[in-house]
Structure formats: structure tokens, C-alpha cells
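Before I ask anything, here is the structure I am working with.
Chains here go by letter, A, B, C and D, matching the order in which they are written, and residues are numbered from 1 within each.
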Amino acid sequence: MSIDDISIKVTDLHSIGSIDALLNEIATRLQRFITQGETSMIDLKSLPFAPAEYEGLRTALGRGEASARLETIGDSELYETHYPGVWWVTHYNVEGDVIADLIEIAAVPAILHSQPEDVRDGLERLQQQLSQKE
Amino acid sequence: MSTSLQRGIDTLIGQIDAPTASFFTSCVHCGLCADACLFYTETNDPKYTPIHKLEPMRRLWQQEYTFWGKLMKKVGLSKPVTDAELAEWEPLVYDSCTLCGRCSLVCPVGNDIVYMVRKMREGMVASGHAPEGLKDSTQRAIELGSPMGLNLNTLKAQIKHAEKDTGLTVPLDVEGADYMMVLSSAEIADYPEIIGAVSRIFKQANVSWTLASDGFEGTNSGIQIGSSDLAAEILGRIVHAAERLKVKYVISPECGHAFTALRWEGPNLIGRPFPFQVIHIIELLDELRSSGRLKTEGVDETRMTFHDPCQMVRRGGVIEQPRNLLHMVAPNFVEMPDAGVQNWCCGGGGGVSANHRAEPVRIKVFSRKKAQLDAVNVQTIVTSCSNCRTMLLDGLENNHMDIEVIGLTELVAEHLADNAEGKAS
Amino acid sequence: MTEHETLEQRLHEQGISRRSFLKFCAAMATMMALPPGSASAIAATLAKVKRPSVIWLSFQECTGCTESLTRSHSPTLESMIFDMVSLDYHHTLQAASGFAAEQAREDAMKEFHGQYLLLVDGSIPLKDGGIYSTIAGRTNLNMLLEAAQGAAAIVAVGSCAAFGGLPNAQPNPTGAVAVSDIIKDKPIINISGCPPIPAVITGVLAHYLTFGALPALDDQGRPKAFYGETIHDRCYRRPFYDQGKFAKTFDDEGARNGWCLYELGCKGPTTHNACATTKWNGGTSFPIESGHGCIGCSEPKFWDAGSFYAPLPAPTADVSSVAQAAAVVGAAAAVIVGAIDRGKKTAAQQSRKKLTVDDLKGN
Amino acid sequence: MEQELLLWVRGTGLQIASAVFLIGMVYRMLHILLLGRKHSLAQPRGSEWSGALRTLWKRTFVSTKLSARGNFTVITGFIFHIGFFVTFLFLSQHIDLIRAVLGLHWPAMPRGVIDMAAVLAIGAMVALLVHRFVDPVKRLLSDYQDYLTWALSFLPLLTGFMLLREIGFEYITLLTLHIASVELLLLVAPFTKLAHMFSTFISRWYNGAVNGFKGINI
């Protein structure tokens, strides 16, 4: 017997209805972003999703033009959905487990911005390198 | 020893039985019985709600036969039944209840309320709270032999009249006859035609019958006032006469409470089964009809209706028989609304007619009968209870309604086939 | 003894970038069920906190809580969290043993008196002088009382420490009680569960570090952020409950369709925990997602609440036998009182004088 | 504390309530029957049993023509009783309980039907209470017991409905309240007119038996 022999059916997603609710929420936030420039995040792990719904949400939001990848402690995957301004941000740990899964409404996800502290550190390193060459 | 509160309470304690306990346990105070009682529907006074008429008895049941009631009584938290309360309840128990039993039909939990009112009256009379009119008529029934004060001489005079009218001999004290006829006081006093009518019918049908000189009065005031002891004494005369004459049947007259007293309460009152059977005159006539022994000729084209006496129909089960007889002679017979087991009382049953104090309310609630009659527009009302007949006449007069009231037995007798003697085929 | 410098210094020394730290804080926000936008605020605070000393005492327990914390969490995150604290005593995890271990505990207690965080897992037996569980020859009760004295706050990890747990279940042979039954004068935070969700343990630590105070607690002393809602409230199968669609057995059509497990004994409606959203095993799933009802392990007395497979409406005690006995008692009472009342009735009937017409006149 | 309370009402509380209910009800009903009645010496015209059984069933429906207030009572009363029994007997959670105690079970009704039945029953009870205040007949007949038993019957319905919808309080609180309210009802029922839940059938039996004996088809 393999895992495929266990008959698991995909539940009718409309009978649960959380996807529609979430899409409505995203639309509302997107509207606020346009009019007031307000960025925001939705923590997907805090929402009670059925396994199939999660995939349903991925399909509903689709994939857009931009994507990025961070190599921090563990990877992070960022991509803009089919709806510009709606980003799907997933943080992994070094073992590849998801540690945070977010929908971010913004022009660019905040985590993508270079951090002033890191920039300062980088400058320091660059100057150090230059001074060594001298 | 005379009547007293304690005597009444002791009587009631003895009266409460399994059905009574069950009924009081079940009542949810829904008030539907009010809708079934003409004293409520015609006055809209909530005190006439049937179950309310039993309130003192209910409390007594609670205090004597229930766990909490006994406990409350022990710690002195219950409200005892007082003389003043019973006095207050007297008009409710006697003046505004005809024991018609309509309330017992409507109760959704199935309470037989009139069964309990009958018991309540046992306690009321033992405690001295019975209406003067009923006391007087009961006293006359015991002392003179008839609530209306009639005696054997009166009967003999009426027999003489009947014999003269019909040319038949009215049998008196014939030992070994099959049937012993009993009459009601009202029949002897006001509707003596009945004697001639039954004589002719029995002659045609070849029924062996007799009257008894020591047991001719069927009206039982003891039942109405609610005393089994007195009822048994009154009834005892009929039983004694029937046993003396060795009859097979005793015929109940056209009188509702006489029928109940004889047919259903009788053996229980005297404490042993009867050695004879009891049959209502209308039941007997219908039996004669169905066996072909009663034949009529000609019909009465008058538009008529039939008033069902409560004790005959709802409490007695004589429902189809009067209709069978009417259909023989009355082609224009129509039913009143609510006819049959749901019929409304004339307003004077259960001793109300003998209770002068009750007269104003009795006359008021006749409006229910009037409404029933207005709905059918008849010239004649037929009935089979002489008390109903008197009440109907009284009510019609008070309401200036021009409708004739006749007894069913007389109506049948008027249309007997071969009126002339000896023509029997 | 470890030096207690700030987290920022330590991270910087390890060459961890600010962006990595921000990402960590985003994960922390998620874990603590805080708004995801609060990551930068958390970062700002966390960077400046000093690592507090932590003493972890294990009493009458199964080590499941420690296992839960160390096994199922991502190593990186765990190490970061343990970077935030100085775990000075944990007799399962520490390298030292015997007298050296006890010495470390005593040193920490002395040095950080009034400042250290005391974590406790396991219940404390009180019966027979508490002899049923001892460490280094000392009863748990004795050790707890001593360690609690200098603690800034106590974290009761797991249902045993929080509510008494399994040792406390009927008939409780060791007289086991919860930390809060003994310690009344210190702030206690209960992280119940058997075991508790590891992210909840670290989340509470992070909260304590970030905000320097205990998080808001419910009336059971549990952090509201994780225990504020029931499993039922956050369960993805909840719509089936509302529609009245229930699996009747573990292998019927309803079970395959993923219907509500209420009738199979799920205690989700009366259980407060974050399983339905935080999930287990690195966010893989939680019991209901695997097809098994919630057993209510984060609630007091859950071992005594009847079978795990009996539905919530089912009685937790034998009602049938009581009912049968009651019916017999009722019948017996009715026969006895009935006989008395019948006697009263008969007496009333027999003593009654016959009513005569003279009685009517006499009144 | 809440868990302990819930555990208590699901365990000891339920045992106490069931015991009191059964002792009280069995005592009360048997006591009624043991009070006995005189058997009539009159000659029967029909059978007591056939009359009794007929009335047992037929009295469920009032055949007498009623006034507007009477009809209101009958219809509202019907809605309440039907709603009460539908929610009591056909909600899956209740069937779970009955199965756990008696081992009997039957299919549940859809939640939509249960919700409607509960709303109708609650509405009917409120209407009946208002009617008890305004109708002169009912007002005269009513005593403290009428209001007490109303409240005790109303609470399980209300808390049950709130529990299904999780209105007002948490599930655990509502479940505890709901079970407790039912237990209160069980405790009080045998000693109040709520005993009519069983005695009605005795009453109908006796009433019908009298008519059956007399051969009256009512």
C-alpha cells in the first residue's frame, strides 16, 4: 500500500468560503494603499486554512512579473502576485521549514529594502578593502 | 352532627382519587377550558374558567397528597382552605356549572374537569355551602318523594288523564313486567302528555311495562347538590321498586341527570350492581325502531332542530338514537352548529334550574343557545330532557323568540302508525 | 557562566545581518500572534535587551515538554532564541552533571536573585512529604520553593506544571499539584499543553524579552495571544460543524470528506490553544488536520473528562446506573407514601358521617 | 475553573439531576396511580381501554371550536412543543447524548431545520408569556409556578440556541450554562406542573376510560 491508495478527496472549497473572504480583505487593503499609501501585511499562518484552500489561494492570486530571493538565515521567497502591489512573502529556515508566510500590500516588500545598519557595515567593509589595496 | 368546614374537608380528602390527582398534576393553566364553558364565553368573566372553580380542592390535594404541599403545610407556609373561601366559591361551583362536561372535552392534557366538580360538590354540601334552592329541592325529594313536591296522588291523577285521552290502561305496580318506566318531576307536573305517549308506543310495540307507585320519580337532586348519601337514598326507592316488581329493565325518563343517576352512578351509589338494566327511553325507542316494532306514518314538515341534553350525549353516549328517530318523522330536520357531543348546555342543568340565585346568570348565558338557534332558523326544537325543555321555553320567552319546544317521545307518538287501536299488523 | 551582553552585540559578533534579524523578528511576530507589521518594533527592542538568566526545573514529568521544544523546532530559530537567554540550569540539556550541575543552579540563583526567569515542567507531588519525586535528594516541593523565591517570574511549561496534568488525574496517587497551587506570590504564566506547542514556549520568552513583562493572560494564567481562542474557533473544519456535517467513524465517507470530528470526541470547542493556526512540526499540520479530534490537552483536568473518543455532550460519569437506582428508589418511596396516603383517604372515607337531610336543614 | 464546572455538570451534576428527576417522577406518577379509583359497578356500554387509547391520541388535537384567544394558545402551544421536541430529539449533539446514555440513536435533522425549530419555539414561548400577562383568564389562573416553570423551560432553549450560534459567551461557558439549565429543569420538573410531561398521559387515559366505559366516541 502506498500513500496514493489512501483515498483523500479535495473538499469543495466553496463550502468553506475563507478564500473569498480573504480576497475581499486584500481588495480592501489594496484600495487603502492606492488612496492613502498605507502598506500592510496579512499573516497567513494565523488563518485557519484547509490544506486545499491554501493551494486554492495560490491559484486565485496567481503570479506576476517580479520575484526576489533572499539568502538570509535560511531562504526567503518573495514574488508579486497577478495583482501588482500584492506580494507573497515566504520565509524559510535553514532546514527549509516555513517560519513565516505573509501577504504584503506594498510597492516593494519591506524586507527587500537594504537596512541602514547593513549599508553602514558594507561601507565599512568596502573601505577596509580599499585601504588594504592602498 | 351538622355540616362544617372540617366535615367538608374530610369529605374532599376522601374524594380525591388517582384521576383527580392526575388532573391537578397535569393542569398547565392554559385557560382553554374557559372557551368551552358557556358561563365564560357569554360573560367574559375569567372567574368562570372551569378549572378555577376547583381552586380550593386543588389546594387541598396539594396540601394532603403532594410532597411539597405536605412539607409547606408542616412548616405552615400553605394557605388553608377556609369557610369564607368555600362560601366565595359556592356560586362558582353551583350557579355557574351545569356539569355539562364541555370543559372535559377541550382540555389538551386530558383533564376531566366536570368529574372533579362533581367531587367538589360532595365537599361543598358537607361543609354547608350548598345553595338554598338546591337544599330545598333535595329536602323535598327526600321528605316528600319529589323535588317539586309531587306525590303519588298527583301521578295517579295524571295517569287518569292519560287513560282517558288514549283509552289505554296505564299499568301500575305490575309485577313481572319487562320494563319499569320512571318519570321526571317536570314530566309529571308540566308535560304529563308523556304518559299517554309512552302508553301508545308500548302498546303498538307490544312492550310489557309498568309504573311503580313507590319508585316513579327519577329526578335526583342528590346528584345535583353533590351528595352521594342523599342521591343513594333517592335512588334507593327506584331500585327497591324495580326489585319488588322483578323487572328486567328500568327506563330512564327524558331527564339528563336522572339518566346519569340511574345509568352510571346508580350501582356505585348503592354499592352493588343492579339486578336489572337501565335504558334511556330514547335508546329503547331506537331499539324498537331498528327491530321493526316501532312504526310511524306521516311526517311533520316543520323545520326543526334537536337540542342534545348534555347528560345524554356528552356524558351519556346517546347520540345517534334521537337522530334515527327524528329522521323517521321530520324530513326538515336540521342540525344546529356544534350539535352532538359539542352541543352547548341549555344553561339549567346540574341543579342550576333549581337554584334561584343562579337565575340572572342562567338567563344571561342563554345567549349561546340563542346564537345556535339563530343560525338554523327553525320553528320547532325537539329535545329529550324535560329540564332542558323547561329551560328552553324559559329562554325563548325571555328572548321573545317564537319557537315551539317538544319532547322527542311525544313527537314519535304523534306519528305512530295505526293510531287506532287494534290496527296493528 | 555566560556573560549577559545585549542581543545586538551577540548577533553582530556572529555576522548576522540586520535584514536576517528583521526576518527573524517577522517570524517572531507571527509566532507571538502579533500584527506582522510589528516586526521592526520588535527588532528595535530586542536589539537592546540583555540576556536574562533562565533556570529550568523538571519535576514529575515525562520530558515531553523539553522534547517538544528541542526536537520540533528549526535549529536556527531555536539557537537564536537560546541566544537571547542564558539557560543556566536544565538537568536534561546541560552538559554538567551531579554536584556541578546543582552548583550551577545555586550560583545562578545567587547571582541573578530577583531577576532570573524560572521555567518549570512537571507537577509537584505533595503526598507523604513529597517523596515521590526528588532531585539530588531534595523533594520537588523543596526545590521549587527555594527557586521561586528569587525568580522574577515563573513559567509553568506544560499541563503538568500548569494544571497538575497526568499525575494529578484521578486517583492522583502522589498528590500532584500545579505550580500555581504552591506559589502564590510570584507572577506565573501557564503554557499548557501536553506537550505545549514549542513556538508558544519560545513566543512567550520572546514576549518577555521584547516587552520586559508577561503577556496578557487569561483566567487560567495562559497568554491570551495563544490561548485566547478555541481550537474550534480557528479550525478549518468549523464550517462543517455549523452545517451539522459530522464524521461518524474514523473511516466513513464523512471522515474522508474531512467533516467535523465532534461526534468522534473532538474537544476543540472547549479547548484553548493555537494548534489550528500555529500547527505542529514546523507548521506541517495539527491533529484535526491529520483526522483525529482534539483531546483537549491544554485544559485543566483533561484526563478526567471522559474518553477522548466520547463526544462532548456525553456524560463523563455513569448516568445509567444512577438512573436505574433512582427509579427503584422512586418506586419504593411511592409505594410507602402511597400506602400512607391511601390509609389517610380510607380513614377519611370511613370516619365520614353519612349526610342526611337534617344536616342540610341544620345549616 | 470553567473546565472543572463543565466537568461537574457533565458528571456529578448530571447524576444528581437525573437521580432527582427519576426518583421524583417515578414517585409522583406511581403515587398518582396508587391513589386508585373506584371501579364502576354500572354495566359498561363500551371498553375503557379503547376509549382511553383513543383519547390518549386524539386529545393531542383540540377538536372543540375555540375563541381567538383559545386558538392562539393552541397554535402557539403547538409550535412551542413541536419546536422543543424537534430540537431536543433531532439535534445531532442531543442524539450523541442519548446514544451515550441509552445506546439508542437515530438520524439527526439538518441544522437549518433545528435552527428554525429553536427560533419558533423561543418565539412561541415569549408569545405565551406575554399572553399569560395580558389574557385575563390566564392571569387569574397563574401562580408563581407558572412563571418559574416558564423560565426553567425557556433557559435550555435559549442557552442551547446561543450555544449553537456561539452568541454572547464562549462555547465552554454556553455549554456549561446549557447543561446546567437542563439540570435545573430536571431537578424541578417532578415537583411542579412540569410533571405534566408524564401525567398528561395518565389524565388522558382516565378521561378517555370514563367515556370508553360509557361507550361514548369522543
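Heads up, the rule we're going with is that a residue touches a chain if its C-beta (ideal position, glycine included) is under 8 Å from a C-beta of that chain, and two chains touch if they have at least 3 such contacts.
For clarity, every value in this text was computed on a predicted model and none was experimentally measured.
Drop subunit C from the picture and the touching chains left over make up A | B, D. Of all chains, the one whose Cα centroid sits at the greatest distance from that of subunit A is B.
Between the interfaces B-C and C-D, more contacting C-beta pairs are found at C-D. Comparing chain C-alpha centroids with the centroid of the full set of protein C-alpha atoms picks out D as the closest. Mean C-alpha positions place subunit A and subunit D at a centre distance of 58 Å. A straight line joining the Cα centres of subunit B and subunit C is 77 Å long. Separating the CA-averaged centres of subunit C and subunit D is a span of 40 Å.
In this assembly, the C-alpha centroid of subunit A lies 93 Å from the C-alpha centroid of subunit B.
Under the contact definition stated at the top, the residues of subunit C that touch 2 or more other chains are 243, 337, 341, 345. Shown for subunit D are the residues that touch two or more other chains, namely 24, 27-28, 31, 34-36.
Residues of subunit B in contact with at least two other chains: 16-17, 65, 67.
Taken together, the touching pairs give a contact graph of some other shape, not a line, ring, star or complete one. The touching residues of subunit B, counted against subunit C in their complex, run 1-3, 7, 10-11, 13-14, 16-17, 64-65, 67, 125-126, 128, 130, 135, 138-139, 142-143, 225, 227, 229-230.
Put simply, subunit D touches subunit B in their complex at residues 24, 27-28, 31-38, 40-43, 45-46, 55-56, 59-60, 62-67, 69-70, 73-74, 77, 135-143, 146, 191, 193, 195-196, 199-208, 210-211, 214-218. Looking at the complex, you find that subunit A touches subunit C at residues 7-9, 11, 15-18, 39-43, 45-51, 53, 70, 72-74, 76, 91, 93-95, 97-102, 110-111, 114-118, 121.
On the subunit C side of its complex with subunit D, the touching residues are 219-220, 230, 232-233, 242-244, 246, 262-263, 269-270, 299-302, 304-306, 310-320, 322-323, 325-327, 329-331, 333-335, 337-339, 341-342, 345.
If you check the complex, the residues on subunit D that touch subunit C are 1-4, 6-7, 10-12, 14-15, 18-31, 34-36, 92-94, 96-97, 99-102, 108, 110-111, 114, 170-172, 175.
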